[in-house]
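Common to both upcoming complexes is subunit A, partnered first by subunit B, then by subunit C.
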Partner chain A sequence: MKRFSLNKMLVWSLFGICVLWLVIPFTLAILWSFVDPSEPWTPDHLLPPVMSFARWEYLWEHSSLKVAMLNSYLLAPSAALLTLTLAMPTAYALGRLHFKGKEAVKLLVLLPLVVPGFVTAIFFTAILFQMGLHAWRFGAILFAHSILFLPYAIRIMSVSFEQVRQNHIDAARDLGATPFARWKVAYFPALKPGVMATLLIVFIYSIEEFAIAFIVGSPNFTTIPTLLFTNLGANFIRPNAAVISLILVVPNVVLMLFLERLLKSANPALSSGKG
Partner chain B sequence: MNTVSVQNVSMRFGDFTAVDDVSFTVADGEFVTLLGPSGCGKTTLLNVVSGFLQPSAGKIEIGGVDVTFVPPEKRDTAMCFQSYALFPHLSVAENLQFGLKQKRLPAAERKQRLNDVAEKLDLVAQLEKLPNQLSGGQQQRVALGRALTMRPSVVLFDEPLSNLDAKLRESVRLEIRKIQADYNLAAIYVTHDQGEALAMSDRILIMRNGKIEQSGTPTEIYNFPQTSFVADFIGDANILDATIIGQESEDFWRVSTEIGELLVKSDTPPIAKRLKICWRPENAQFGAGEMNSIEAPITHRAFQGNYTDLFIEMNGVAQRVQWRRSHLEDITSLSMNIRPEDIIFLEAMT
Partner chain C sequence: MKRWLKISLLLMPGLGLILIFIGSVVYIAIAQSFGYFNLSGESGFSLEYWAKMFDRLSYSRAIGYSLYIGVASAFLAVIFAYPLAIWLRRPFAGSLFISAVLKAPLLVHGLVVAFLYINIISYNGIVNQLLQALGIWDGPHRLQNDSGAVGVLILQTWKNMPFALLLLSGAVQAIGDDLLDAAADLGAGPFDRFRRVIAPLAVSATQAALVIVFVGALADFSFQVIAGPINKQSLSQLMVFFKGYGRWHDAAVIAVTLMGLGIAGSGVLALFSRFVLRGGRLS
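Let's look at the complex of A and B:
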């Protein structure tokens, strides 16, 4: 009886948190994005008095939204793939090899996470420009994002590499498998969930990242977050900001649901019968 | 003909010598067991034969060809792993065919071998299932089948039954032996279970501290252990310190021990004046005899079902007797004798 009411309480508080953090902001953002320029939404109205797609159309036609979307949606998957690739060797070493000071290295790899993004961004930019990447803004941001999100990728992938079972590798070898066949049968099934999680996390972080994209990219190279922040500054127009933030967030949610399904179906590697 | 020949193999890891100058051979169709306590080097030796480890010294030949430095994927051996190591995302049929696909055998031959092995191992109904949908015994059979489809010169078993429960172990034990005989395969089997070793093997190699302590058929090993380690490891044994007093006739020696003077009949002479001797608890004869009679109080007893363990004490030395009769509850002391031929000379005392 007591347990039942505790469960109920937890469910209700989860529901409450969801409403507070997700439903209310989302609803407000959606409503604000539909406010027609002809009539402002004043506090004495529960809903915007006139609703239309005018803001959406305006931003689509008259701002750099199209370019920003193209940039962001090229940048994020590239950063995800590049980060994953860069993380692999270190993750392999941390997950599969034995060496002295491994725990220290694990900690060291995570250390960049404690530095605030803006601080990293400001000084990282200097390095990027010294490297001559100022001529290619996309490449500079791509490189910077990959480096910045590397700790997450290494962490996730090294845990995945630990999940690979040595006796699967040995069995494959014993049955005459080439290195590639061994990779396919012993490594890949165990790594797949980690690969998906890494791609998802880096994609989302990259698409939402502002500091580096702003400092490195401005003024010519816009991504969705930099566009959003310019709409938050001196010329703050709430309905426009609402449109952009929805554009920023909606694909992430879709992607997350999609990958979540993939993850659920993925990992049979952990459910082998014995040992 | 010898399928496998291991010649003076040593395996060192830093300062630690896991396998120390070991030599043995396995003939076609022969089932050889490496038996020993954990840490004796038996699994390391198996990994050297399979190619996962390269020996620090010595040579491995399979089918007369030196394979010492040939990697496992190119070696004509197939391993049955302790934890089965089935690929969890592949169906039973795909698991069974994995090695054949690596060999790039034509589909028809793969199918034929798959059916053959599935039928022999009673896996026909399971072919489409994933490994985690099978019972432990079935998984074990898939692991064995996956090795057998390769038609290797030698199958290597790394404690394959240790994850099964006792009843199942006995049936799988018989099955492995039957299939090994059907295919006339050479087999090297690693275990720490003496029952398994005695029941399955043509020949047992008892290992201790990286060396082979004794090798022989199961009956030889059981009836004529050469050292107290072997006597104690295989079956139960009462081991005593003995001093030779004299030779009575050609095969008979008189020895003095903590439990009194004993007469020993042995085809082989003792290797030293002071040495270890042993006798098996189940060989005690009831009642006083013409020689080697012992009478001692029973200190404790343990009923084991088809026999009872009785512990007697003589001059501070505990001896174990196994009695195949019930209704022993009311006796408090035991009168028994040991036949001279049931006492075995072991190694010299150091």
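Let's look at the complex of A and C:
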């Protein structure tokens, strides 16, 4: 009884904190994005006096939002596919083979996560300068994102490879399956959730990545986070920043929720067809 | 094909690329800080860049400031996350929802968090208006870019607390009820149960949370630029400043400092948390 009432009290206080920390900030951002330029939202008004989609339309037509979205949404799926492709052989070795130094390899693949993002960004630019590749910004950022997010892909895919059941592979081989057919019936069902999770997680991280896109891409190559950063600094116009914030956050929240569902479904028993 | 060759070829596209490029990043940063890889002149070993940097007041201030942000953020995130992890240890009606809401900031981009924050604390924002309506303040106050970096600490805690909660929840949930019940039967109160049972058993998760939050906050750039004090610079900010002027060697000195502080600070925090949570013992 005592625990029940304490929980009730804590739940209500937490509800208050959530309103303060989540509901109010996001409601304000949404309201600011709908402030019509003809009538500013002054402190004496509880709500914007005139609301419209004018800011959204203006940013779409007259800012680099379209280019930034195109860059971000081209970069992210490309980075996801490239990272997955690069990660697969290493993940296979870590998930299916036993060799000396395997634990050291598992630690070393985490290296990109240990080095601070801006250090990687700045000195990766130095490497690009030395290689003469700094002019092709898209390719440079794509390559940098792929390396930066390899630890996530290798980790997820090596767990997936561990979940492939040897008796499935042996059974397929005994029944005369070709290497491709073996891959299709024994490997793919177990790897599918991992592949989807890798693609999604790299996609989300690539869309959100700021340091490399800012350092390697500046001043010509914009992504959604670099555009938001510009709009939060010298070019700060609150309604415009609100629009870009919502464009950055809403699709990612939806994708993250989808990812969580996917990871929950990545049960080894289900994916390998055994209960 | 020889087995070692097969394994090497398999590791090449993943581990190989990581070692070549991230290893090069670290190597170039260290080498440039000692005068090598000069993009515009003679390359050669030199301590000149380090010596000049040590004489700069902005460098020592940036070290102090970044350490302050890193350490304070790490402790704040863990201090807020611990009671929540213990509270949510056993499921109850609504606990899943609460857990999901608490972890929501993980889904929000850092720059968006910064925007939401400066929106609220702006000169005519909701906080200023509320405090004026309550009669606490006579007029609006400027809260953004405060000199004590409270804004940066709030942002770091908001963004990192869910991550610390995620790590601590796993560790706290793994502690069996029988252990806690036995401690309670022996007369241990809630604080003693935390001090003598939960804290020592969750040392690894606490260390991980402290270190990960510390390393991220130590290298903070965007929160500092948007909401941080205008008279102070973080190490990342100083590094970007030098790089912006093409002063690669100076940027490299900062980068090496940042990595060194990250490693040393992580070690100190890990040892300190182990020492405190194990009641003054390291082993």
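Please note the rule applied: the second predicted complex is superposed on the first by the 224 of 275 C-alpha atoms of A that agree within 3 Å, B and C clash if a C-alpha of one lies under 4 Å from a C-alpha of the other, contacts with A are read in each partner's own complex, and residues count from 1 in each chain.
In the analysis below, contacts are C-beta pairs under 8 Å (C-beta built on N, C-alpha and C of every residue); 3 or more make two chains touch, one makes a residue touch a chain.
These numbers come from a predicted model, not from an experiment.
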Please work out whether A:176 is in contact with subunit B alone, subunit C alone, both, or neither, and reply first, second, both or neither.
first
Contacts of A:215 with subunit B and subunit C, given as first, second, both or neither:
second
One more residue to check, A:189. First (subunit B), second (subunit C), both or neither?
first
Partner touching more residues of subunit A, whether subunit B or subunit C
C
Name the contact category of A:167: first (subunit B only), second (subunit C only), both, or neither.
first
Considering only touches as defined above, state whether A:258 meets subunit B (first), subunit C (second), both or neither.
neither
With the two structures laid over each other on chain A, which partner does A:87 touch: subunit B (first), subunit C (second), both, or neither?
second
When the two structures are overlaid on chain A, which partner does A:136 contact: first (subunit B), second (subunit C), both, or neither?
neither
Which positions of subunit A sit in both the subunit B and the subunit C interface?
none
In the complex, go through subunit C and note every residue touching subunit A.
3-4, 7, 9-15, 17-19, 21-26, 28-29, 32, 37, 39, 87, 92-94, 98, 101-102, 104, 106-112, 114-120, 122, 124, 126, 129, 158, 215, 218-219, 221-222, 225-226, 236, 239-240, 243, 248, 251-252, 255, 258-259, 262
Mind listing the subunit A positions that touch subunit B in their complex?
165, 167-168, 170-178, 181, 185-186, 189, 268-269, 271-275
Partner subunit C, residues of subunit A touching it in the complex:
7, 10-11, 14, 18, 21-22, 24-26, 28-29, 32, 42-43, 85-93, 97, 99, 105, 108-109, 111-112, 114-120, 122-127, 129-130, 147, 150-151, 154, 208, 210-211, 215, 225, 228-229, 232-233, 238, 241-242, 245, 248-249, 252-253, 256-257
Contact set on subunit B toward subunit A in their complex:
50, 52, 71-74, 77-79, 81-90, 98-99, 102-103, 130-132, 134, 136, 139, 146, 150, 163
